[in-house]
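Structures are listed in the sections that come next.
There are two complexes below, and they share chain A, which is joined by chain B in the first and by chain C in the second.
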Partner chain A sequence: MILVGELSLWIALLMCAWSVTLSFAGGVTRRPELVASGERGLYAGVGFVVLASAGLWTALLTSDFSLRYVASFTSANLPTIYKISAFWGGQAGSLLFWCLVLGGYAALATWSNRGRNRELMPWVTGTNAAVLLFFVMATALASNPFERLDWVPADGRGLNPQLQNPAMAIHPPLLYLGYVATAIPFAFAIAALVTRRLDAEWLGAVRRWSLVSWVFLTLGIVMGMWWAYVELGWGGYWMWDPVENASLLPWLTGTAFLHSIMIQEKRGMLRKWNVTLVVGTFLLSILGTFITRSGVIQSVHSFAQSAIGAWFAAFFVLALLATIALVSTRLRDLEAQAQLEAMISREAAFLYNNLVLVGIAFSVLWGTLFPILSEAVRGTKITVGESFFNAVNVPLGLLLLALTGIGPLIAWRKASVENIRRQFAGPAAFGLLVGAALLVLGIRKLSPIVAWTLAGFVAGTIIQEFWKGVGARRKMYDESVPRAFARLVARNRRRYGGYIVHAGIVILFAAFAGMAFKKEYDLTLKAGESATVVDPYGTRWTFTSEGLSEFKALNRDVLTLALRPEVDGVRLPLITSEKRQHRDSRGAPTFQPSTEVGVLSQQRQDVYVVLAGAIREDAEVRINFNPLVVWVWNGGLLMAIGGLIVMWPAADRRRRQVGYVAELEPQAVGAAS
Partner chain B sequence: MSHGPADAPRSIGTSLAPDVDGARRTIPRRALLRGLGAVTGAVSLVAVARRTLGAQETPAANFAPMEQGAYRPTLRDPKPGATPQLSEAERDALEHRIKCQCGCILDIYTCRTTDFTCQVSPAMHRDVMRLIAGGYDAEEILDAFVSTYGEVALTAPKKEGFNWAGYLAPGVAMATGAVALTLLLRKWSREARATAAARAPSGVAAAALPGVSADELARLDRALRDES
Partner chain C sequence: MHPRTKFLIGGLIVLGTAGWLMAGSIKATAVYFLTPEELQAKVLEDPGLRETGVKVGARVVAGTVERDSSGKRVAFEMTDGKATYRVEYVGLIPDTFSDSVDVVVEGRLGADGVFRATTLLAKCASRYEAAPEGYDTAKVHEQYRATGAAPTDTASR
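Moving on, here comes the complex of A and B:
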């Protein structure tokens, strides 16, 4: 199976090359048989990528240490779940995984459009195959997971302990699913530019793919935050690490696109801008991969660095140049009649929302790349860390939060003074009430007060919209509140799913602001000793050490500290934090010791315990009180649920599609177009 | 973009797929050769690129060992009659502004309280303690670390010289974008008003449609322009 996988990778490369050539040739000559052959070439290429993936998984699960990749990233005693996730634990495997996901998406895009968009499809298939060709080529030629060692070691080196976490079995695939999905809208944009069919047709095809990307990126980013929080041990979930930033960039531009697409759908405006956002989102995904893989910038993701960055840099430049060439020769086709009835309108609010989203993307990119720029200009290495990004992005984030509330309250085309007064009164009052309550409670920090006031305002807008909608349904159909709510959302998924996303954003921002009040304590405790500390809410916590203990687990030695927390005489569950020394199956140490934090998660705050080290009987421990952290995960999940609601196809649309596909032969449609 | 001639010769070449009417079509030999040439060229190009770019990564990249030798002493003579100027909380805040040099991305406070295997952050912490005891304030201590390690010792660049570009560029870009967008929206708004004025039914136009009043035309125009 391993040999089959290895050979499959090379055949996939040829199949992709075939698909690119035939699809583009079919597009140029408008010959359906070439197009069909190109599509079949793509399917075949994807099939061989699946075989190659199966080969690598087989090698990982059977611990075939003759493969360099298997020996480098697994050991015989590695738990099975991490043998599976080791597929994306290293450079070569994650590239193959990227091929697998991209191949799946490309095949799905081709298959689901077999009866639609036939004018565009040769170019869509060709572009997808070209991107897949690049990734297969990079995998086969530059970072081949099937490369064999000259000798077979008795055991492998094992997986980096930081990757031996359930979140790491889920976070990278989710992020890849998000990153890679940006390739499909990119392919449609290229197809629309080549064929000059830049009307709403291609937008309809890409909207759902953009949503797929957005939902997976959202989940992937939040899961990554969770991994960083529980695994890295520094007490936070976002450090503006270059790779974190790289995942945020396409999310920001993708979010901007999902808003601006509405203006093109309703008004036919912003053709150039939407093409730019779609292409930009894909290129930022590639740039993100370049940042992850090249190691040009120091990052917590240093386990993934290699010289493959040069490949991505080359591909990025090539894709950028090709797109610029296409756009510059089609400027006239991208012209649209842009008219705006009034400056105060939803269109204008959405455009300012786009400005802020793209502005944040720019500032994140700028901050990420500024160390390189500084070194190039001044020859001086600098670090651009959390304080820089917070200084620049917190104000922009708050502005974005405000616009999240303002946009939905303003009417399309033109908002009258009466309309604005009526719409804004309730939410603004609610927001101000929240702000006043915070002041009364004695909170004086500016950023959290502004964030929570704005969160109150946006929450007010969402409640108002649902209130009105549910009220209207109850009046019209005499429905109960839950039924009216459910049907309201089901009947207008785009609108109310969007509000659910906004609700997730509100929760997320409110939770972010909570971290302004976090408290940290360093304690040294012997077994049986206690220490009392005060949390951000003024509650006194007593922590008693239950002592240090040592034990051996499957692939590691563990030193663990158990702390018993107590509040007002009430004993809470034990919190344990560990120091781990991983070992291979022969007992030799692998990697440096790592820390596993202990977290007691509550609605109000997390109690976050880090065993920093032990000197004889003394346990050195850091205790953080991190307010509202659980709401970060809840907010992120709610955003993803909202995104799923938005992209879920309407029932009547599903029926129509099935009938349409059943009636027409794809090739006949291709020929007709 | 030029499209190939629809009546290009099809008789020579490889049969590929049934056409709509079931007949077999073939690819012209020239197109086939062009395609194969492109594939061969691409594979050769990549083979050359592979050789140029060097060998495959070493698995050592997975380990990213800490640079425990990165520590360099940051020492200053105590000031005459020195008294510490920073409280413990202020010291911790200061340590959040100094980056550990072990190769991690943490500040020295976070690094030294997270992982005892790092020997750099505790050593840097001891230097901070000595400097505080020597009567130095936060800015002087930061300067001392910069003189030892360079600006890379700070978690954020100082607000001076070229670094201002880092801090100001996002704001300048946003402000420029906001001004440009506002001007663009005003232009679009003016054009919309001009178009609406041109479309407004005049008495002449109304008269040209027998039986239709100016008011009815205006309502029709509004209805047509309103979104459904």
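Moving on, here comes the complex of A and C:
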């Protein structure tokens, strides 16, 4: 099976090359038999990529240490789940995984369009096959997971303990699913550019793909934050590390696209911009991979420096040049069909949303690439810190939050004073009330107050929308509240799913603002000793050490500290933090010792305990009180759920009914239904 | 005024503010990212650079790590093969730190030539990736024969 896998990789290479050639030839000559052959070539290529992946999985599961990849990332005593996830634990495997995901998407895109978009499809299939060809080539030639060692070790080195975490088993695949899905809209954009069919047709075909990418990226990023939070032990979930930034960039431009697409659908504006965003999102995914794989930028996350960086750089430049050439020869086909009519309108709000999202993306890219840029210009590497990203992105993020509330409610074309008063008076009052309440409570930090005030405003707009919608349904169909709510969402998925995403954003921003109040204590405790500290809410916590203990687990030695927290005389569950030394099946230590943090998660805050070290019985601990962290995960999850609702195909279009039409100006088009 | 012009003005205000924030905070937060050799050269050129915050990327010299068992204090030497500095760091030590990793330290070079780090990032080459280049199979094999142990992390460097 392993040999089959290795050979399959090479056959897949040929099949992809075949598919590229035949599909493009079919696109030029419009001969259906060439197009069909190109599509079959793609299916075959994907089939062989699947075989190659099955081969690698077989090697991992049967612990065939003659493969360097298997010996490098697994050991005989590794739990099965991590043997499976070791597939994407290293560079060579993750490249193959990339091929697998891309292949699956490309085949699905071709198959689901077998009776649709026929003009576009040869170019879509060909572009997808070309991208797949590149990835298969990089896998086979530059970083082959089937590379053999010239001797067979008795055991492998094992998977890095920090990757032995359930989040790490699913975070990379989620992120890849998101990254790679940006390739499909890119293929459609190229196809639309080549065939000059730049109307709304191709947008309809890519909207769902962009959502797929967006949902997976959202989940992947949030999961990555969670992993960093529980595994890296520094007490936070985001440090603007280049790798984190790389995952955020396509998310930002993808989000911008999901909004600007509505303007093109409704008004025929922003055609150039939408093509740019689609292509930009894909290129940022590639750039992100390049940044993280090439070692050009120092990151704690960096994968090893390797030749793969040059491959990605070459591909990036090629794709960029091809797009620029295509767009510049088709500027006339991309002319807008309408013009902005007023500053106070939904179009303008969406334009500002796009501007801010792209502005954030630009500043993040700038900060990430700054060391390279400064070296190129001034000859010295200069890095910018976390405070750069915060200084720029906190104000922009807050502006974005405000637009989250304004965009969906303001009228298309031109909003009247009446429209504004009716839609925003309630929510604005609610937001100001929240802000005033915070001031009364004695909070004096500016950006959290602004964040929570705006969060209150946006939450107000969302609640108002659901309130009106549910009320209208209750009146019209005499339904119970939960039923009216469910139907309202189900019948207007795009609109109310979007509101659910926005609700997730509100929760997320509110939770981010909470971190401004985090507190940190360093304690030294013997068994039985206690210490009292004050949390951000002013509550006194007493931590009593239950002592250090040592034990052996399946593949590791563990030193663990148990702390008993007590608040107002009430004992809470024990918090334990561990130092782990992983060992292979012969008992030899592998990797450096790793730390497992202990987290007591509450609604209002996380108590985050890190065992820093121990001198005989003295345990050195760091205790962080991290306010509202649990709401970061909840908000992220809610965003993904909202995205899924928007994405879900309408089961039966005939039964679709309008629950409630927004109060619009007479000539305005219905809201995003 | 045409709405489009108005929008463009608004856009410029937004972007201008963002640009201004970026420029300002780059000035405020930018630090040199140097190798030990570059640090040495810079300090010779401009002694004022001592006591200013810089970032240095280097490799830990094997065998120089002195850990305090509290796990919050460590001293070691870092080098790029051309210049070597002693580093003292107080704070949580990352799990990936050992005596053979690449580190990025941020802090100040004292007048006594000791680099006092306020942040310590350990960038373990094999953190996600096992020994890509220079994986000395023969050496690993030999070690494997001699000790009966599996190839370990250090074997790859």
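Assume the second predicted complex is superposed on the first by the 649 of 673 C-alpha atoms of A that agree within 3 Å, B and C clash if a C-alpha of one lies under 4 Å from a C-alpha of the other, contacts with A are read in each partner's own complex, and residues count from 1 in each chain.
In this text, a residue touches a chain if its C-beta (ideal position, glycine included) is under 8 Å from a C-beta of that chain, and two chains touch if they have at least 3 such contacts.
Because the structure is predicted, anything quoted here is derived from the model rather than measured.
Partners chain B and chain C, brought together by superposition on chain A, clash. Between chain B and chain C, it is B that contacts the larger number of residues in chain A. Shared-chain residue A:327: touches no atom of chain B or chain C. Using the contact criterion defined above for the overlaid structures, shared-chain residue A:588 touches chain C, although it does not reach chain B.
When the two structures are aligned on the shared chain, A:620 is found in touch with chain B and with chain C. By the document's definition of touching, both partners, chain B and chain C, reach A:355. When the two complexes are overlaid on their common chain A, residue A:411 makes contact with neither chain B nor chain C.
Contact with neither chain B nor chain C is seen for A:108 once the two complexes are overlaid on the shared chain. In the superposed pair of complexes, A:155 makes contact with chain C only, with no contact to chain B. When the shared chain is aligned, no partner comes close enough to touch A:641: not chain B, not chain C. In the superposition on chain A, contact is made by A:233 with both chain B and chain C. Remark: of the candidate stretches 62-70, 80-88 or 206-214 in chain B, the one overlapping chain C after superposition on chain A is 62-70. On chain A, the surface patch touched by chain B in one complex and by chain C in the other comprises residues 68, 71-73, 90-91, 157, 160, 232-234, 298-300, 302-306, 339-343, 348, 351-352, 355-356, 359, 362-363, 366-367, 370, 374, 380-388, 391-392, 396, 522, 591-593, 595, 610, 612-614, 620, 622. For chain A in complex with chain C, the touching residues are 68, 71-73, 75, 89-91, 149-151, 153-157, 160, 162-163, 232-234, 298-306, 339-343, 348, 351-352, 355-356, 359, 362-363, 366-367, 370-371, 374, 380-388, 391-392, 395-396, 399, 522, 524, 584-586, 588-595, 610-615, 618, 620, 622.
The part of chain B that touches chain A in the complex is made up of residues 1-6, 8, 16-20, 25, 27, 31, 34-35, 38-39, 42-43, 46-47, 49-50, 53-54, 56-57, 59, 61-66, 92, 97, 99, 103-107, 110-117, 150-152, 154-157, 161-163, 165-167, 169-171, 173-174, 177-178, 181, 185-186, 188-189, 191-192, 195-196, 226-227.
Per the touch definition, chain A reaches chain B in the complex via residues 13-14, 17-18, 21-22, 25, 28-34, 36-37, 40, 68, 71-73, 90-92, 133, 137, 141-144, 147, 157, 160, 194-196, 232-235, 239, 241, 266, 295, 298-300, 302-308, 310-311, 314, 338-343, 348, 351-352, 355-356, 358-359, 362-363, 366-367, 370, 373-374, 377-378, 380-388, 391-392, 396, 412-413, 520, 522, 579, 591-593, 595, 610, 612-614, 620, 622, 665, 667-668, 671. The touching residues of chain C, counted against chain A in their complex, run 3-4, 6-7, 10-11, 14-15, 17-18, 21-22, 24-26, 28-34, 38, 55, 57, 68-72, 92-98, 104, 121-133, 135, 137, 140-141, 144, 147-153.
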